[in-house]
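Here chain A shows up in two complexes: once beside chain B, once beside chain C.
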Partner chain A sequence: MTFSLKRTLAIFQKDYKDVSKNMYVSFTVIVPLLMAFLYGMQGDMGVDMVYTVINMSLSLVGAYIQCSLIAEEKEKNTLRGLMLSPASTLEILAGKSLLTFVTTILVIVFSAMIIDYQPENIVIVGVAIALSTLFYIGLGTILGLVTKSVMEASVVIMPFFFLFTFGSYATLLAERFPVLKAAEYMPNTQLIELAKEVQTGAGFGDIWSYLAVICVWIAAVFILSYVTFKKRMMD
Partner chain B sequence: MTILSFNNIEKHDGHTIVFPSFQLSIESGEIVGLMTSINVRTVLLEMLRRKIPVPDQAIAIDGKSIQQLGKSYHQRVGILSIDDGLYERLTVKESLLFYHRLFDSKLPIDGILQLTQLEAKRNVRISKLTFSEKRRVHYAQLLLSDPDIYILEEADQNVDLETKRVLMKVVQELQKNNKAVFVLTSNMDSALAVTNTIYRLDEHGLHKLDVMQQEMEPEDEAVEEEPIVQPVRFEKIPTKVNEKIILFDPPEIDYIESSEGSSQLYIKGDMYQSMFTLNELEQRLLPYGFYRCHRSYIVNLQKVREVITWTRNSYSLVLHDQSSIPLSKTKMAELKEMLGLK
Partner chain C sequence: MENIIEVQSLAKLFANQTALEDVSFQIKKGETFGFLGPSGSGKTTTIKILTAQMAQTDGEAYVFGRPAHLLKDPAQRGRIGVLTDNSGLYERLSIYDNLKLYCGLYNVPHSRIDEVLEMVNLKDERKKVVSKLSKGMTQRVTLARAFLHKPDLLFLDEPTSALDPVNSRHIYRGLDQLKENGTTIFLTTHDMNEAELLCDRVAFLNKGKIQLIGPPKQLRKQYADNTISVELDNGQIEVLEKGDKGAQRMYQLMSENKVVSVNSNEPTLGDIFVEITGRKLS
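The block that comes next holds the complex of A and B.
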């Protein structure tokens, strides 16, 4: 089985046209930008606030678009047509992930421009955000595989949206509830910590542990989505 | 050249037989219709989609078992299902363009738009099309994938006349290009519209239906004058469906009903128009164990399961397939005698 870039790009283009006409999904792209605009008006934000918006973009755009792209194919009975085509599952998922990835990165870049966020080391932050996007795409894939319709997908995504957008505040309560110390290892918290370090002028050598934790999350989520896929495709 | 072949494939579901072992092969350039119940059709399609495992060599493409074919199977076999979906937000052209690239098709999109009569709708969103037009988009997508065998499930169900004509044209075109077409339907009409080779598959097995094209050429006057002498006794009952004549074996018939001056044959719940009157049919069918149980009914006694007495004067016969037909009072006595009850 050879991986065909042509088929992947065909799926990418088809999904791009489809999503751009889907108000329901494209509206979610606006939300983080709107938040960025509102926060940006207040002026002078801390890294924490900036990353609330970025984490929101990641979970709402990254995970949700991926999830609804897959769920809609199932809802409209078009996924079967794709499976009966020469395109392999990997190509189908790659085409969709590519669209989600590009959209998420664009939303984050625009949000950062609106709130005027300038990281000290753009390469490190860029790598960290790209890796985080991969994690959220994996998460969206799992949720897309378990849900049956876009409606269901938009409900299921909500707890994850709150967890990953506002979950980082849990660390503030960690002194009172030691259990919440675990929240420090969440991918969103790791991203914030990393950004804080970068703002103080840290280089790659200082922040590799954060990237490693995010990579562990990515590996976990991709293994889980593979398992889910194998299970779901059997029935 | 045989494209698709079923070799001694069978399916049981618990204690019931979905279909017993049968053999069927479809050559390239051949159009085969298969009449089945929805149950059988669903199972067959799941097998063809490789969702249900089948024994090795049970279903073969070019003599190769379908499990061994891998992804290339999808380039050989195109399946049109009744519940296929469409990308409703894309326009017809965008959607076809997508399939064109997905299948790496060599066929021109314009030609296919023309064949399926969608040129006028090429820039319309699919969600704005009528049901029949959406069906035509399905045909177009299937044509783009350009397989060797087309499997069509209820391809013309609920569509308008234009779409039916398009389908007939498409199938003719495919036959010309030496492709095989396998039509799965539960409706005799839709199978007859595209082919004369029709089989029926049910729990009793696979049977070929005899279909004759009605002679269109005018017959010689002289021949018509001659008295018609039947050299051998003809033991099949002709029925008429549209322009075609279908012949049934008498044992297949459940019962015959007369309504508004014409007689109708009931076979497995389907109704067929007969060309004979009830009296003529009674004469022909008497040797096969048929019985005139009512002024307007003839029943196949082999199929009767139960005699129900409603009141002293009203009776009915219940057949194997649960249909019930009336039995008149005077005939009840006769029937009892035939059964040796008196």
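The block that comes next holds the complex of A and C.
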């Protein structure tokens, strides 16, 4: 498989220019920041509250924007042009994901600054958030590829937005409804649990299992998005 | 001369509908080949198969001597250019930024952008945003994009359908330049004048089957009737059969100074298409 950084950056630069003129995306980016501002006004926040904002940033910016960008490429028939060019699947997916990745990380950093979140170990939390961002980008890519328009993508993403922003609260009901124990293994819940452990002074040796679960989710969505993309190359 | 495209008994079925049936043809290097037929005759399906966007149901299709589906290989895709019926341009970006993306993808210097914009008569409009362009201008930008990397093989699906005659002429000049550089062109159109002007050979496609194939001149000769039309000074048209009898009548009219114009009664490609298929090309 070939990989050309030049081609990947060409797609990234195009997306940057395109998105900067896209009011819909600009508005979506602002929403988590507004939430952070509102939550931050309440004063001292627990890890669960902090990560509601961070998980919202991940699902709204990481998944939703990625999904919309891909769906728009399909709707406007521009993805076909990329597919017919010498760019490989990996270059196209990397180019399309780079802008979302950078934007998501920036939104999370600004949100954390607004709510004054200071993790005990910034490296571990940074790695976990970067990995989580990859998962949400993969999820957004799949949903973007299976939908036909931005409008449809906006509807399809909603259940996933609620699941990955507020789904971790389902674990509170796990004792009454054992089936909800499965929510413990969702990537958003794993991120929260990891952050809680980090606040109590845990190091890499203590939290590797959370990262491993998140990595399994990443592998699953990336394999699925690669297969979906390949299928979409053929009518 | 080597065949750039070779198609043998190609067939494509969609559910229970036959889109292509037993289609065979070859296209040589540097040739401009016209694929003519009405909407729904299978032209775009053929392009999709030849550019690895669709798999055939049966038969063989080779491009550059290799099975067409291998054009999925990104390295091979750099050798082809495709213009389809959908523009596929980024509407919020300028003409220049759209082409700049493809310079990056095809590893082409940015200086090439002005060259192709000159070819399609859009050099002064390079900063215009695509969403503000007319249909004809959008069509010309997509053509510029297809020309950008000087492909060995160019697929053009109705390239001048939205253009006025002046801009069509710009495109024809651009295609001539590409042809001079050895580009092979696969052109689908239902504009018979365009086909006559550009194509070395044409194939008539109807209901998924090739009905006729050959150079336009040869086909017109083959289907010409044995008459000429003479316009007389009184406005009447007299049809004369070729041969001694017609020649004598012609001599008589000429000596009486009654002839205004003489026209050969060769059919147009459109006439031939209607004759062999009973359908019009629109």
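As a working rule, the second predicted complex is superposed on the first by the 233 of 235 C-alpha atoms of A that agree within 3 Å, B and C clash if a C-alpha of one lies under 4 Å from a C-alpha of the other, contacts with A are read in each partner's own complex, and residues count from 1 in each chain.
We take it that a contact is a pair of C-beta atoms (placed from the backbone, for glycine too) under 8 Å apart; a residue touches a chain by one contact, two chains touch by 3 or more.
All of these numbers come straight from a predicted model, not from anything done at the bench.
Taken together through their common chain A, the two structures put chain B and chain C in a clash. Of the two partner chains placed by superposition, chain B and chain C are both touched by A:Gln13. In the superposed model, A:Ser26 makes contact with neither chain B nor chain C. Of the two partner chains, neither chain B nor chain C is touched by A:Ser209. Residues 6-7, 9-11, 13-14, 17-18, 21-22, 76-78, 80-82, 84-88 of chain A lie in contact with chain B in one complex and with chain C in the other.
Across the complex, chain B is touched by residues 1, 6-7, 9-11, 13-14, 17-18, 21-22, 76-78, 80-82, 84-88 of chain A. Residue ranges of chain C in contact with chain A, taken from their complex: 48, 51-55, 72, 74-75, 77-78, 80, 82, 84, 86-93, 97, 100-107, 145. On the chain A side of its complex with chain C, the touching residues are 2, 6-7, 9-11, 13-14, 17-18, 21-22, 76-78, 80-88, 91, 233-235. Of all residues in chain B, those touching chain A in their complex are 49, 70-72, 74-75, 79, 81, 83-90, 94-95, 98-99, 101-104, 125, 141, 145.
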